[in-house]
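Next come two complexes, and both contain subunit A; in the first it sits with subunit B, in the second with subunit C.
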Partner chain A sequence: MNEMNQSALNDKEIIPENPSDLIQCIAEDDYDWLTRQLAALFGFSDTFMTLWDGQQSSLKSFSGKREQVSEDLLYSLSALVHSAKDFYLIENLSSHPQTEKINIPSRLNFFVGVPFKTKAGAVIGAIGLMNDIVPASYNGHQLELLRILVMLLTDNIELRYNHKSQTDKEKLINRKFTHDLRNPLTVISLNAEIINMENNLSAGVRDMCNQVKQATGSMNQLIDTFAAIQKNAQ
Partner chain B sequence: MNEMNQSALNDKEIIPENPSDLIQCIAEDDYDWLTRQLAALFGFSDTFMTLWDGQQSSLKSFSGKREQVSEDLLYSLSALVHSAKDFYLIENLSSHPQTEKINIPSRLNFFVGVPFKTKAGAVIGAIGLMNDIVPASYNGHQLELLRILVMLLTDNIELRYNHKSQTDKEKLINRKFTHDLRNPLTVISLNAEIINMENNLSAGVRDMCNQVKQATGSMNQLIDTFAAIQKNAQ
Partner chain C sequence: MKKCVLIYEDDLDIMQLCKIILTASDYQVETRNTCENIIADVKEVNPNIILMDLWIPEIGGEQAIMLVKQEEAFKDIPIVIFSANEELDTICKRINASGYLKKPFDIMDLKNIIQLHISEKKHSEQSTQSV
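Moving on to the complex of A and B:
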């Protein structure tokens, strides 16, 4: 217990060691559902979500004609989106310096992407929408709505992650606490037993020894109950 | 500790005793910001959010000409929205049976509202958007986006609430645990001290008594440290 930092639970904001831990907190189905919804609602033919673990991107979900779109394209676009403050827009994919050398289906020209950014400013992924032309319904308001959606979603991912991190940390502390309590309790219990084995004890001392043994028994029960609660907790 | 339910921390979904506790988890500023954004982005002149505590609605935020809109109107509309599965739409406020008797500014005719529903299906509030006519940009896609926004926001509110509830519950359990440990520990410490005061103890028994006293000392230190960690935790 002594080597534990008392402020271990004080971090109001918990930064994951691996940013991809964050995005793993949402179920695959939710990503797929959201990607499909975004494609339909914003009027884009192809949409995707990638996650960034600090080293590389990986594709989380895709809506559209996946077989026509190379991973090269998705990861190049994601990299551009990560560098953007709010969003990244390309009017003609085939003439953009970062994508012109990649094989792009002719039906994809217009691209807009929004980065997933945590409150602390860490990039944890990107959402990208592609279409042949600017969709009829697409305008500045749509982009702003997309940004609010991504913001709420990122916040949501962070909340889940922080909750899980904190619960894990507390479990560790509680486990260490109950473990550390057992050793001195065993010392007490053993010594009380050995003292009780002496022949020349007064009735009073023997009685006190028994009280000590009883007390260690109830402490062991308390610790067992507490450990069981921790084990059952989510 | 014994009267504690071991499954106290097992509820994967925590239902608040008072649903309004849920919605209080988001800062006022966030509601105001979101209400303003929704008004602008969906092209409505007046938007509002109300919260429902199971008994009555209260206004959380409003964007538009507040002085022209009566609370009667907002609460009547909220009640209609609560009863809706997904959304509630009124094309002409002045001819709707629930609002025709209320004084409504002539600039407000078209209304659309979406309920805040928790995963367990409890209604915790409503968001309402009003305008003179159907806004030019408003269509089924916009409504679907609004519903996704409200869903993400409700999820967000629930996550915050569950996190807080669980932390509060754990704190209570930990406090009870450390408190309950102190009593038997005092019994042990006192008895060891009284035994040690006997005159006719062998050196071995006296030594064991001292070991018991040392062990109670380190247990008390452990409990102090654990209690301090709990106190400092958010």
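Moving on to the complex of A and C:
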């Protein structure tokens, strides 16, 4: 218990062992909202977001004509974006070596994607924007804006993860704390009762046993109150 | 013949106190501080009731109880869980335990719950026989 508490309290920043732990901290609604916003902001016809759990990608949201775009295309593009340092840009999708064998709607030629990268450098997903031509509203400045947006989103995911991890640890410590206090209280209380059952006790010792019993009862009420406060706070 | 209580508890002080209390109440008491061999224990001891701590090595009380419940020969043995856990009522229902005892408890609490569930088992057996 002490070691665990110490370790939990010392952790200022929690590094996830698995990217999928981070991904779980994004609310489902957030994907759709962000994807729609990006499509509108940059004027792209089709926008998507995929997440990478360390082994495979999964499509989390799509804004545009989903029925015309195959998963093969989305996951191939995501894989290209994962390998990029900052962004990945394709001016002609149908002639790109990684996508030329995939059935691509003729209306989609231009692609730009930005990877979700944690501060530690782990890739946890990709956001991709597609259009027939370079949208009029899109320029170098917009690309920089997109990168910053993705960086902010990744920071937000990491913050949520850290908050969740910290909350989970606090819950565990509180559970351990109340549990580990009640066990010795049980021992004290039962011993006081057993001693009190002896026939030849002096009145003074009997009073002491009753005091111990009452004190353990009060301590247990305090623990119950603490546990109830913690539960309400969660 | 004395009724047998099999106690699983890793806190040796609590285990010893329960043994003293129940032995004084004329029960035969067997104790274990881990529960990974619960099926072998139950076969060996043939208890009338099991008193199970939840946070106990190696597999934990919940898992141990589920193992017993899966065995046709043992599934009707009353199992009372006792723990300092906050959600004993929920856990009790989830694992289909006969009852629960929240720590800290009094001597009477312990004696009453053991007596209650042994009596209930006896009545249920008598009803089955009379049918």
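Rule of thumb we're sticking to: the second predicted complex is superposed on the first by the 227 of 234 C-alpha atoms of A that agree within 3 Å, B and C clash if a C-alpha of one lies under 4 Å from a C-alpha of the other, contacts with A are read in each partner's own complex, and residues count from 1 in each chain.
Operating definition for what follows: a residue touches a chain if its C-beta (ideal position, glycine included) is under 8 Å from a C-beta of that chain, and two chains touch if they have at least 3 such contacts.
All of these numbers come straight from a predicted model, not from anything done at the bench.
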First, second, both or neither for A:Leu41, with subunit B first and subunit C second: first
Partner chain in contact with A:Leu89 - subunit B first, subunit C second, else both or neither: neither
Partner chain(s) touched by A:Ser218 [first = subunit B, second = subunit C, both, neither]: first
Touching partner for A:Asn191 - first (subunit B), second (subunit C), both, neither: both
Touching partner for A:Arg175 - first (subunit B), second (subunit C), both, neither: second
When both partners are placed on the shared chain, which of subunit B and subunit C touches more of subunit A: B
Partner chain in contact with A:Ala227 - subunit B first, subunit C second, else both or neither: second
On subunit A, the residue positions that both subunit B and subunit C contact, one per complex: 180-181, 184-185, 187, 191, 194, 216
Footprint of subunit C on subunit A - complex, ascending: 175, 178-187, 189-191, 193-194, 197, 216, 220, 227, 231
Contact footprint of subunit A on subunit B as seen in their complex: 1-2, 4, 6-10, 12, 34, 37, 40-43, 137, 139, 141, 144-145, 148-149, 152-153, 155-156, 159-160, 162-163, 166-167, 170, 173-174, 177, 180-181, 184-185, 187-188, 191-192, 194-195, 198, 200, 202, 205, 208-209, 211-212, 214-216, 218-219, 222, 225-226, 228-229, 232-234
Interfacial residue positions of subunit C with respect to subunit A in the complex: 11, 13-14, 17, 20-21, 55, 83-86, 103-107
